[in-house]
Structures are given as C-alpha cells and as structure tokens.
Amino acid sequence: MSADQPLLEVENLTTTFSTDNGTLTAVDGIDFSVDTGETVCIVGESGSGKTVATESITRIINTPPGEIEGTVRYKGRDLLSLPESELRQIRGNDIAHIFQNPQEAMNHCYTVGWQIVEALQIHQDVSDDEARARAVDLMDRVGIANASSRFDDYPHEFSGGQKQRVMIAMALVGDPDLLIADEPTTALDVTVQAQILKLLDDLQEEFEMGILFVTHDLGVVAEIADRIVVMYAGKVMERGGVLDIFDHPGHPYTQQLLECLPEFGGTGGGISGTLPDPYDPPEGCRFAPRCEYAEEACRTGEQPEEVEVAPGQRVSCVHYGPGGNPSIVRNDEFGPIDGDGTAPTDGESEVGPADD
Amino acid sequence: MPRRNIEDRDDSRHIDRREWLSALGLAGAVTLAGCSGNGGGGSGSGGGNGSDGMNGSEGGSGSGGNQLELPDFPKFGVDPLYGRDVAHTLAERAFEQSEYDYSFDGDTMVNPDGDQVEINIYHSTGQETSQLTANFIAQELGQNLGINVIVEAIDGTRFNNEYWTAEPQGGTDTVDGEEVTWENPTPTNPGPQSVTSNQAWDMSIVFGLNTYPLNPLTNSAFFDGATAFYNPVGYYPQFDAQELFDQAQQASSVEELQQAFVDIFENIAYEQPYITLLFSDDLVGYNPELEGPIENFSNGWDLPAWYEGEPEVSGSYDTVTSARFTTLNPLFNTENGAGTAIARALDQGYTFDENQDVFPLLYDMSTEDGEVWTFDVRENLQFSEPYGQVTAEDFVYLIQELHQADWAPTAASTSWDGVTVEQTGEFQFEATLESPNILWPKTYDPLLYPIPKDLLQPYVEEEDVQGLEQDEELLELQFAGNLGAFELTAWNRGSGTEYTRNDEYYLRDIDEGPDLFSEGPYFESASISVVREQASRLGALRTGEADAAAIPPEQYESYQENENVDVLQVPTPYNTIISVNQRANGWSAGPGNLFQLVPFRQAMAAAISKQDLIQGVYRGLASPHFTWQPRWSQFYPSTDE
Amino acid sequence: MGFGRYVSARVLWAAVVSLIIVTVTFLLLSAAPNPAVRRAATQAALQGGDPAEAAERVRELRGLDEPLYVRYMDFLRNVYTLDWGWSVSTSMPVTEAVTNALYYTAQYSIPWTILTIILGPLVGVYSAANMYSWKDHAATGFAFFGYAIPNFFFGIILLLIFGVWLEWIPVIYKPEVPVFSVQNAIQLTLPVFVLVTGSIGAVMRVSRNESAEFQNADFMKTAKAKGVSPLRAYAYHVMRPTLVPLSTTLVGQLLALFLGASLLVEVVFGIPGLGRLTYNALIQQDTNLVLGTTLFFTFVAVIGNLIEDLVFTVLDPRISYDDR
Amino acid sequence: MATEKSERFDQVDWNDLSRSGRFDLSVNSLGMLLTTIPLALLGVYDWQFLGERTPTFEFIGLEQNLETLDFFFIFTLFLAFWYLVLPLYQNPRMTRYYWKEFRRNRPAVVSLGWLGVVFVGGIVGPLILNAPQQDLLIAYQPPVFTSVADTTPATCVGEVMNGRCYGTWQHPLGTTGGGKDVFTMIVYGMTISMQIGFITTTIVATIGITFGTLSAYSGGWVDEIMMRFVDIILSFPTFLMFLLILYIYGAGLGMFIVVFSLFAWGGTARYIRSKSLSISEEEFIKASRISGASTYQVIRGHVVPNAASSIITQLTLLIPGFLLAEAQLAFLGVGDSTVPSWGQLIATGRSDLSFAPWIVLAPGIVLFLTILAFNFLGDALLDALNPEAEAENG
C-alpha cells in the first residue's frame, strides 16, 4: 500500500433497490475515503442513505433487491468486483462492522462467546480452546468483567452497553484495519454512549484502525470525527475536516443540521419539511425543496458539482459554484458557543470496565 | 365370544342373521364356500335369476276394488298384486279391522286426528344399497299408500342393541284366540307385543334373515307360533304355525316334507310377517385363469381341486374380504368371514357338493330311521403332535364336555341340545335325536370341528371359559395336522391370514370326490386379506392382486365387460325384508298399531314394486321374494313350475 | 426453578392429565351397554337355558357385576401394571395388540415425521430466502394445498390413480414384507406422501413466515459482516431461531395428524396400524382395547406436549422455567 | 331511543360505543332483541303446539319445517348480523381501513368471495332448490360436458353417442348412485357446513369468553384450577373422543356440533383470559372500582371489543377443522348418512370412485376449496386485524 493511497476509497457509489413500486435510489453516486487511523463520520438525517452507503462497501445489503454500482477500493482492491467468496475473507477480518442496535444485532439463540468464536473461526484456523481464550481476551479488552464466566451467557443476560462491547469484541477478532460503525451509540443512554466512544477511541489507537462512523448525532461527531461527510437524500452535500465544518458550515443543509444542536446555539428544533421521495428525487439540488436559499438554479439539472470552499472542505451548492454568490448562505458567525470546536460534553468520563 | 362387524355394507347386511344363525351351528357350513367378502354362504339348488320370478303373475284374481280376492299363494309387489288400487283396497280392509279411525283422504292416508300417517324406516348407515332401498320404499309407500315415510340411517350394532333386541321379560297374551305364555323369553323375542325394545321404531331394513332352503324346518325358530325363539318384531301368526311345523317334523321323506311346507309357506306369503322384498345374489369376481368357481352357493366346496391355468401346484390363491376376524378359535367363532379363514386350514365333518348333497369330509353319517345316526370317522386323520390320531373319542368328548356343557358357551351349543351321543368304536359314534329328522345333516347341526381331547381336557376340568377362548393353539389352529388344505402361517389381526400348502392333506387319500383331490390343493400358498375399502378390494381384483372379491351390483356390468375379471352370480338364502314393528312401540303415526293387521302388511307389500326395486337398486341381480323360501328351493310352494 | 424440578413438575402434571383423560374414557365406555351380555343371553335362550342367568354369568366373567368404583380401581391397577386385559375383538392381550399395531404405524409414522421435520423447515426457509419468487409461490401453494386437502380424499384419489389405473403401487398393503425392503418402501410411499403433504403445509408456513422475519434481522447483517457464508447463515442463524416457534407448530401438527388423519390413512391404505385397531375396537365395543389404545394415544399426546414444552425451553434460552 | 340513535347512525363510533360501559340497549342489542324474540316465540310455538313433523310455517301455507338446529342457526345468523356486520356498517372509517388492508391480499378476497357463495348458497339454496330426491332411473348421470360408458347410468338423461352417455345441464354435476343430483346435494351441504361453522363457533366463543373472563376475574386458585382444566381439555386426543362419543351416543348433526364445541373452546378461553388480565391491569380497576360498573360491562365494554378481532381470527381458523372432522367421521361411517353433508356425499360415492368419480370429486373439491378459503381468510384477518399476532394456530 503506497503511502498516499487511502485505506478505503469510494467513488461514485450508487445503490438502488428494485421494489414493487419502482426503483428506489438510496445512494446516488457518492465519493469519500478513509485513511488508516482516521475517523470519518458520515452525517445526515435518518433515511439519507448513510447506512446503505456503508453497507454497500462490503456488499452486506442483499443483492437483489439491491444493486450496487461504482467502485470501492480497499487497499487498492476493488471490493465491488471481487467474487463473493473473496469478499467474505475481507468481511469481519479486514473490515469489521458494528451496528446500531446491539440487542438485535446478536442472535438471541447463541451465547455471546459462541458468536465471537464463530467470527474468529471463520477467518482463522484455531482450535476451540484457543478460540475461546482469544474471545475471552477480547471480551476482557472491551471491558467486560468476569469475561471468562460470561462467555457462556446469552445476549439477553447482558445490558445494552455490554452488548455493544461484545459486538465490538466480535468486530475486533480479525484485527481489522477498517471498522465501520453504524450509529453504534444511538440505542444507548448518554453515559454509556460516552464510554463506548471512549472505548472506540482507545481501540482505534491500539489497533491502528480507520473508522468509518455513521451517525446523525452531531454531538458524537464533534467528539470523535477527524473528517465529516454530510449526506442528504443519497447525495453528499458537504465534506471537510470536522473543525472546518463545525466552524464554517458551507451548505445550507449542514447549517440547519448544526442549528438543531442546542450546544451550537441552535434552536434545537428540526428542519422543516421531509426527505424527498427516494423513488422520484427532485431535479437539481436534493435539498432545494427544503432550502430557504433555494433559487431557480437550484431546482434544475443535476446535483451541483462540489466546490472547494476551504482547504479540504467541499460543498455541493449552486451558490458556491460558478456564478453563485456564497454570501447568500455563508454565515461565518455560526459556530460552537465555546468556540473551541471540540467535545461539547465534558469528555472526562473514564471508560469503565462495566456499566451495569 | 361371538362378535359381529359392521364394516362393510355387504357383510353388515348379514350381521344379525349370521350371528344367530351361527348359534344354530351354521357358520361352519358356509366356510368352504367362502372366497370373497361375501363368502357366498348358504345352500340351495341352481341359480335363481331375477327375471324368472317376474313373470309369476299367476294366482291374483281381482285387480283392485273391494272385490279383490287373494289367492292361496299371493305374490305381492308384482302384477296384479301391485299398485295404488290394490294397496288402497287392502289398507281399507285393515282400517275396518282397526278399532281406530284411519282412512284415506284422497291419496293420503290419515290418522284419526286427520294428520297424514308418518312413520320412519331405518337402514344401515353408510351402506348405499340399504339407503337406496329405504328411499325407494319411502317413495313407493308415499305414492301408493299416501304414507309419509321418514328415512333414517342407523349403525347396525346400535340398531341391534337398542331397537332389535330387548331385555327378556316374558308375559302372556291372547294370540289367535288362544292364551299364550312366553315361558322362555329371549332378547330376540322378549315377550308379547307389549314388551318392547328400548327405542321405538316403525320399520327397518337393517337386517335380513336366512330362509334355510336346505332344511326349512329350521324356520320354525321364526314362525313357530307366537313364542318363536326369534321374533323381534312381535309377530303373532294368524294360522296354526306350531301345529303345521310339528306335522312337518314328522315327515319321513322329502316329498312329505315338501307337502307339509306348502301350507306353511303359503300362509307366510299371505300374512307377510315381514314384508318380503327380494333375494339379492352375491356377485363374486374371479381371476379368469381360475378353474373351479361355479354359480351355485356350494361354490368353493371343492377348493382343493381348484387351480390356476394348469392343474399343477403353483402360485397363490389370494382373496380379499371386508371383515376382520375376531377370533379363529373354532369353538367360539360365529363369523362367516372367520369361518372361511378357519376352513382354509381346518375341515369340518362334511360339506355339501354342487348338488347340495352331503359330501363326507372327516366323517360319514348314516341312519336308518332318521333318529339314530352313525358317524364313521375317517382313519387317516392326524392332529399335529403331540395329539396324534383323530378318533371318535375326540368328537364325543367335544360334544359331551363342551357343546352340551352348561358352562361353555361354544358356538355349536344349540346344535347338540337333546342329542344323546355315545362312542361305539375307535372310529365310530352314534347320536340319537329326540325326534327323527331325515334331513339332520342339512340343518348343519351335526357339523363338528375336530379338536383334540387332550387339548380341551385341562380347561374342561377347570371349567375355564376364558382359558379356552384365549388358548393360543386353538386361536392359531396349531393342532390342525393334516386336517386342512393349508396350514395357517400367520394371522395378522389387522390384515388377514396367510397359509402355505399342506402337503399331508388327508383329502388326497380318499376315494370320493373329484380325481383332482388326489394332488390338491393346487396352490403353493393362500391368503385372505382384510381390506376395508371396497374400492381397494375391487382395485386389487382388477389389477390381479386378488383372485376373488365381491362386486357390488351397480358395477356388475362394468366388471362383466372387463377381461381381467370373471363375474359369477352366486345365489344366497339371505333375504331383504322390511321388518315392521308390531310391538307396542311400533307405530308412531297414531293410536293402534296397524302393522299388527295382516291386511295392512299385505297393503304395504302390494305398494312396493319388487320389479322396480330389483331393476333400480340391484340392477336386475336379485329375485323377488314372496314367502320364506327362495324360488329355487325345492320347498318353494308353487306347484305350477 | 431448576430444569430438573421443572421437568419433574411437567411429568407429574402429564401423568395427572393422562389419568383424567383415561378416566373420562372409562366412564364413557361404562355408560354404553355391553353387547356381549345381551349376546350371551340370546345364546342361553337358544340352548334352553336361563338368559338372565347367562347374562349374569357373562357380567361376572367380565367383571361387570362389580360396582363401578371397584371396576375402576381394577382398571387403574391394570393400567399401571401394564396388564391391560384381553382384547375380545382381536383375540389377543391388549398390550400385544397395541404393540403389533404400533409396529405398522411406526413404519409409516417414522419416515413421515422425519420427512416433515426435515423438509418442512428446509422448504420454509428456502421459500423465505426466495421470497416472492416463483419458487416461493410454488412452495406456498403446495403448502396451502396440502393443508387444505382432506387427507382421506387425497389418499383415495392417489390410490385410484397410482394403484388401480397405473398399477405402479400395490392396492393392498402387505404386512408381511420385510420392513427394509423396496417393496415396503413402495407400498408406504403414498401414505407417507399424503401425510407429509398434510403436515408439511403448516410447518412450512410457520417456518417461512418466521424465517422471513429472521433473515432480515439485524443479526443476519452481523453474521454477513463477520464473513459468514449464506449457507451457514441460514443453517445457524435463521434456522435456529425459527425452530423455536416452529417446535410448537411441528409437535402440534404431527400430533393432530397422528391422532386423527393417520387413522383415515390407515383405513384408506389398509394398513393394520393403531388407528384402525382403535376404530375397530370402538365399533366392536371392545372396552379393554379401546381403553388401551386411548391410553396409548393420550400418552403420546401428553408426551408430545411435554416434549414441545421442553424443546421450547431448550431452544429459546430467553425462556426461564419459572415463566411457564 | 331507537330513533335518536339512528339519527347519528353513521357517526356511531364502535369503540366509543363499546367503551361507554352502559349501552344496554344499543341499536345492535335492540335489533338483536327485536329479531330474537319472534324467533324464540316461533320456536316455542313449533315446540309446544306443532307436531314434530308439522311444517313450522304451515299456518301461512309454507312447507318449510324448522328444526331445533335451524332455530339455533338463525339465532347465530342474527348474532353475526347485529354484532359483526352492523358494527362494520356503523363504523365506515374502520371498515374502510380494514377493507383496504384486507384487499391487498388477493387470495383472501377470492376466498371471501367463495365463502360468500357458500354462505348465500347455504341459506338461499334450500329455499329455491327442492331437496334432492332419489330417482333410481337416473343414477350415475355424468356431469355436463363429460361422458361415461352408457352402461354406467341406469338410463341416460342426455344424449347417447357411440355407446357413451353425455351429461346435461339438468344435472350439471351429475347424479349419485341413487340418482340424486350432486349439485343440489352440494348446495344442501353448504347449509350443513354453514350450520356447523356458525353454531359451533358461537358455542365455542360463548364458552371460551365466559370461561376466560371468569377465570381472569376470579384470580387466585380458582383461576389456577380453571386454567388447568383448560389444559386438560386441550390435551384430549380430540378425534378419538369424537369417534368414541359419536359412536356410543349417536351421531346426528346436533351431536356433532355439541361434541366439536366441547373440545374446541380451550384455546379461546386461554386467549381471552390473558387478554382480560392485561386489560384488567388498566381498565378493570378503573372501570369497576371507581365508576362501579358491573363486571359484565367491563367484559362487554372492554375485553370483548379488544379481543374481538383475535377471537374472530381464531374462530375462522377453527371452522375448517370442524368441516374436516365432519368429513372424516362421515368417511369412517360414524355419522348420520341422512344428513346431506359433503362428507356424507364423499363417503357414499367413494365406492363408485373408479367409474363415477364425480360423486366424490365434486364435493371433495368444494370441501377442499372451502377449507382453503377459510385458511386464506384466517391468514388475511390475522394480518389485517392484528398485525403483531403470530400464527399460533398453525
């Protein structure tokens, strides 16, 4: 792997689903990349295609009905053109996933140990005893007390946070280089959230992983992200470093997202209107129907080309493009109240060994 | 214990008569004949055929109107004694006799309240022929007598238990002007007409009865005066039946007997104690390769001489039947089907050949005067080890210690009542009857199974009925030695019996009978499969899996055309009758039981077209039934044929 | 409550239920008139004996002269000593009659049960995996067909077609052929097919619906993300949770058919099994045998329900013994 | 009162009505009462003053005679009308919603159509068609458009060509061995099936609801014992019991219905109990303790409406079982062969299957379709009324 080559590079990724009612376009030609040791957050409302995008990377979504186009290069290999069997080698081994709802993400019929061992034994030829030892080790590492005795417990005997820890342990069995975390903290309560985030942060250093983190919670983003990709209705609206975007959100959508956060002086209210119909997306900018700055130009043609507004920060908005006037939307006074742009929460809480 | 089955329509029709017939020692007689579900039981001469009887229009004088005069031997239900007018005339005679005010309102028969007369008729449930017949009767009685008949189905066993029989009570009543006492009431004749069954019923075609064409004296059980042994319907004869039967008993030749019976049968034809309808033939389909079956109900008596193709030992003789066997214990079996199954492996004393003459098997019987009978037992009969040779002692022991003993309810008990038996030699014994009977063998009474004395002795000493019933050697016929054409190898309680050829069969060494006996039987093995579904039995016949099976009348033609099957029409002595309940719970249509009146029963008989019934339901494969004897019997009273 | 205590409580309850059911049967049968008594009276009358005395004799012989409670206590004792008396309709001890019949019933029940247990969930899961494809529609259609078509009706028609018209299979069941022989396999094909058709429908429907739910469950995504192959995913992650609700349907369905439709199938195909034995015992009012077979069927039903409960608790770790 | 109610007829909200807790004489109950009283009077009249076989409607010159079962059947029809059909009419919004949900399931719509045919046929058919009459002359006529060898029928009603007898529209589905018209018998069989279906489910629902609520309301050891009792009922080898009881005690249609009902209410009772318990947590206490409403009203007003959809679904799935059991028993010969049910028709025709297959096939297929339709319908109801309910009845 050459030094300048990103760990993961996604280009023009398009995912559609054919259903009885027509073709649904969930992800519509997006690009992004993740480097080793970096945390990239994909941000957007629910239904904006974040999850589908991440699940398209290793083709976890069912095809059919789904259909994935574009290229996904992982360490230079195009995952989308790999045969299923080779891709299976990568899943769980090089690229690991953790999901939103640990309760549902684990099979209630098997012990947590069994499920960790299963992941391990698929990729590595290890004996049952050895696998068990490794699994206990991992459970210990992710902060589960009495790991060896809890190995034989069933998921329903764990609390939510513990389950997510188990999920993380399961993800770590193959010493992955890329961890795709799909809203891993959404289902957890706030204190537990912080512990999990801290854990992920620690593990990222230890395992030198790239993390692709999906969330709609900008508070979380602020805490962990290096870079942000803002998605709306299957398209990328804006991307850039976390500080840049929090300080100078370029796209009206990003701005409105941030406005929702009380910490950022927002109203805490939602964005008016609803997501466009994914079967029949509007012409022009996807956000135009809900955008207070929308003009006629916004409503025609394709989604505008991304324009670099600051180093590393790109926005897809007519107003930044050729002939546009960024000042219509630019509002430099926008930013976190405390101004440092880092963690809105205190961030001091230790990652406890357990939260039960 | 005796059992009945109610499984198949054909067998079920025979339920009760078999049951009690067998009590008279009959079951064994038909066993050799049996090749099919129907077995084809009974005896008789020549095949009666439906159309013969149809022409019998002699005798009827008046054709309707009050002038109607009945001949000595009236034939109701065929012209001229059929139709609305005849029936109305007869019914009106009954109304006059009745103390209640029944009448016709136009075509409708009304009771004293002015409501239409409504009565019910029971038929066997699940039996199509029975149901069709019942509906036909209902239509005819409706049309010709204006009676509304409700058709109801009932399970044969249930009918037997709750309707047909009753708790014996006895009593006295005036019958034909005389005081009669029921001294020995039975469930089938529990007492005078006032003694009734649990459940009320009007008419029934659930059961038919035997007519005993070989020895009609047996019919005294039905009609011997009011206190006959078997009189579930509460019939009181209006003629002196008892005396006539006594006279017949005295007959010393067949001719005298025939003479004696003319009166009896004419009276029965006149009084219609049961409304006689028809005799249906058993239809048996055979593998056309088979040599031997005949259209005669001694069909099967010479089974050891039957063969397939060439007369050499080969193949298997497989038949299907509908009824499971309750027991194969020869002492207790009363079922026709099981009798057939026993007969494959164990012969009885004698059988009847195709001329209805006695053919000696185990023993020959002879008499001078009809009173003392000498039994000569063959000397080449062997039980299985350790029982050795069959001697007269075995038979005498069996009769005296079992059949005549009070404690053992064997199937043949009644046959030996009042008979004195004495051993007169190693292979000879004598039986002395209470009164002479030149036709004694034809009553089936002296039929015996050979049972080793040594086998019976322990049970006799203990008077152990249960032990006897459950004895495995008896149940599995393990003692049969050379006494049967085949050896029973398996009796699967659910699916029938299997046999292998008995190489030692004693019949090979006898002088009488067909020459073919000397090498018989001509099958390596035999089997009787119990198959409940008629469709399956017929299917097996069609595909050749079975060599013989009974065929229902509605399929007679299609099987006749089928080249894989030969259909034989085997006459039976079993009749189809309407039993009309003359007891106190018998007439639900109003006061006064009209069934008790002879003219009313005549009216009913005249209202039902026998010809239409035979054509419609039986496809012509039955013959009309006028008195208590089939037309082909030598005791049939008609003189003009 | 521990597993051991749970099981023993269940078994105890099962015993109580069996006892009650058999008692009800006993009472029902005692209320019916006994035809043997009447027949004996007829017989005696024929012999010129006293019918009443003969009837009394039979009652005595069969123990019917005892008061009901004495007979009941006798009966209970016999139930537990496995001496179920003599069956008058088959002329053998009841236990032997039941064992013999069971031999034939087992010959078609075992393949039928195995096929249902294996094929039902497999086809159901397969159907779910190919949801809304023609394969799914075909499988679902078949399930509904088998579920709705009366077994006996289907049986007689198949027998007519394959036995009588095409002559592919024998019309008459031959009990004497060896159990493991081609002949036996051929003659059992139709009964097993008819029964499997009848039982598989419900099993398929439930497993299809349940597994449809599970195959879209998050844990399937987890499994896929772990690199689990689709086959393994279905085998372990879909099948296993599907078995939990399925176990109820499966046992229930098999039991219902075993106790009902198998009787008709035995009648149609002429198999001398338990169903026919029971039926014949019933119509011949062979009290001992009816009680024996009822006892057996009740035993099977109760054991079946017990197994269902136990399997349920074993299969679904979330259920604790105290809940039930 | 009736007028007042009827003014706001289409605004009546069923749930509101049910929850009001005191609607002793709603339109439904009033209607029920007004229709049941004449029925009951007619029943008493028929029972007390008319002979067993005198036609009930003789006084107006009709030949129709009603038997006990018919009275029960009409009663259940009234019940179904006033408490099932009318509420749907009274609450068009809900009806429309259900219909929308239901309509998506096309097999279920077809099934409903078929059951409609059976229902209407079963009620109207016997009034239009004369009872099937035996006519031996026309036995074994083939169905229309088919032919059989002319030796099969006694005489051929239709054309005979090349030795084959062709069916006619006179007997669209052919005739039986007794010359009864198969089509007419199937129509009469619809009545029987509907009677079995309606009366049995009514009894099952009545016993089940009473037992279930009683059990839930009593609580404690009474509840325990009652539920154990249900356990036992559910453990019976049902088919064996049917056979036993029907064989020993006779197998008329009425007996069938009673025996079926006796062994079928367990599941309903169990369900109602659990439903009542969950409702009692909220409603029993509030409603019965505070407002002093009677237990009956709580059950009537809260438990039943809430559980109604599930009960209906459960009962829908029970009916095919009854029809099948009837057919099976008829096939075994345990049944009243004068009852013109489909099962009896199959049983009588089964021996003729090889040469007159229509006698078995026609009722067999009708039975099959009806069972299928009930299953489809039950499934659809399960989805439409109660999306979260799982297929427990499989």
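Letters A, B, C and D name the chains as they come in the text, with residue numbers starting at 1 for each one.
Heads up, the rule we're going with is that a residue touches a chain if its C-beta (ideal position, glycine included) is under 8 Å from a C-beta of that chain, and two chains touch if they have at least 3 such contacts.
The UniProt protein names, listed by chain, are A = Nickel import system ATP-binding protein NikD; B = Extracellular solute-binding protein, family 5 Middle; C, D = Peptide/nickel transport system permease protein.
Just so you know, these numbers come straight off a predicted model, no measurement behind them.
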item	value
Joint neighbours of chain D and chain C, given as chain labels	B
Comparison of B-C and A-C (more C-beta pairs in contact)	B-C
Chain whose averaged C-alpha position falls nearest the assembly-wide average	C
Rounded Å distance, chain A centre to chain D centre (Cα mean)	57
Rounded Å distance, chain A centre to chain B centre (Cα mean)	93
Intercentroid distance (Cα basis), chain C paired with chain B, Å	40
Interface hub residues of chain B, defined as touching at least two other chains	6-7, 155, 533, 535, 539
Junction residues of chain D - those touching two or more other chains	247, 350, 353-354
Residues within chain A bordering two or more other chains	none
Chain-level touch network, classified as line, ring, star, complete or other	other
Touching residues on chain D, where the partner in the complex is chain C	231-232, 235-241, 243-245, 247-248, 320, 324-325, 327-328, 331-332, 346, 350, 353-354, 357, 360-361, 364, 367-369, 371-372, 375-376, 390-392, 394
Complex contact set, residues of chain B against chain D	6-7, 115, 118, 125-126, 128, 131-132, 135-136, 139, 148, 150-153, 155, 158, 533-535, 538-539, 552, 554-555, 557-558, 561, 612, 615-617, 619
Complex contacts: residues of chain C adjacent to chain B	33, 35-36, 38-49, 51-52, 54, 58, 61, 86, 88-92, 97, 100-101, 104, 156, 159-160, 163-164, 167, 170-173, 175-176, 267-273, 276-277, 280, 283-285
Of all residues in chain B, those that touch chain C in their complex	1-7, 19-20, 23-24, 155, 157, 160-162, 165, 168, 184-188, 229, 320, 324, 326-329, 406, 409, 413-414, 417, 465-466, 469-470, 475, 490, 492-495, 498, 529-533, 535-536, 539-540, 542-543, 545-546
Residues of chain A defined as touching chain C within the complex	55, 58, 60, 88-93, 96-97, 99-101, 104-111, 118-119, 122-123, 154, 156, 167, 170, 180
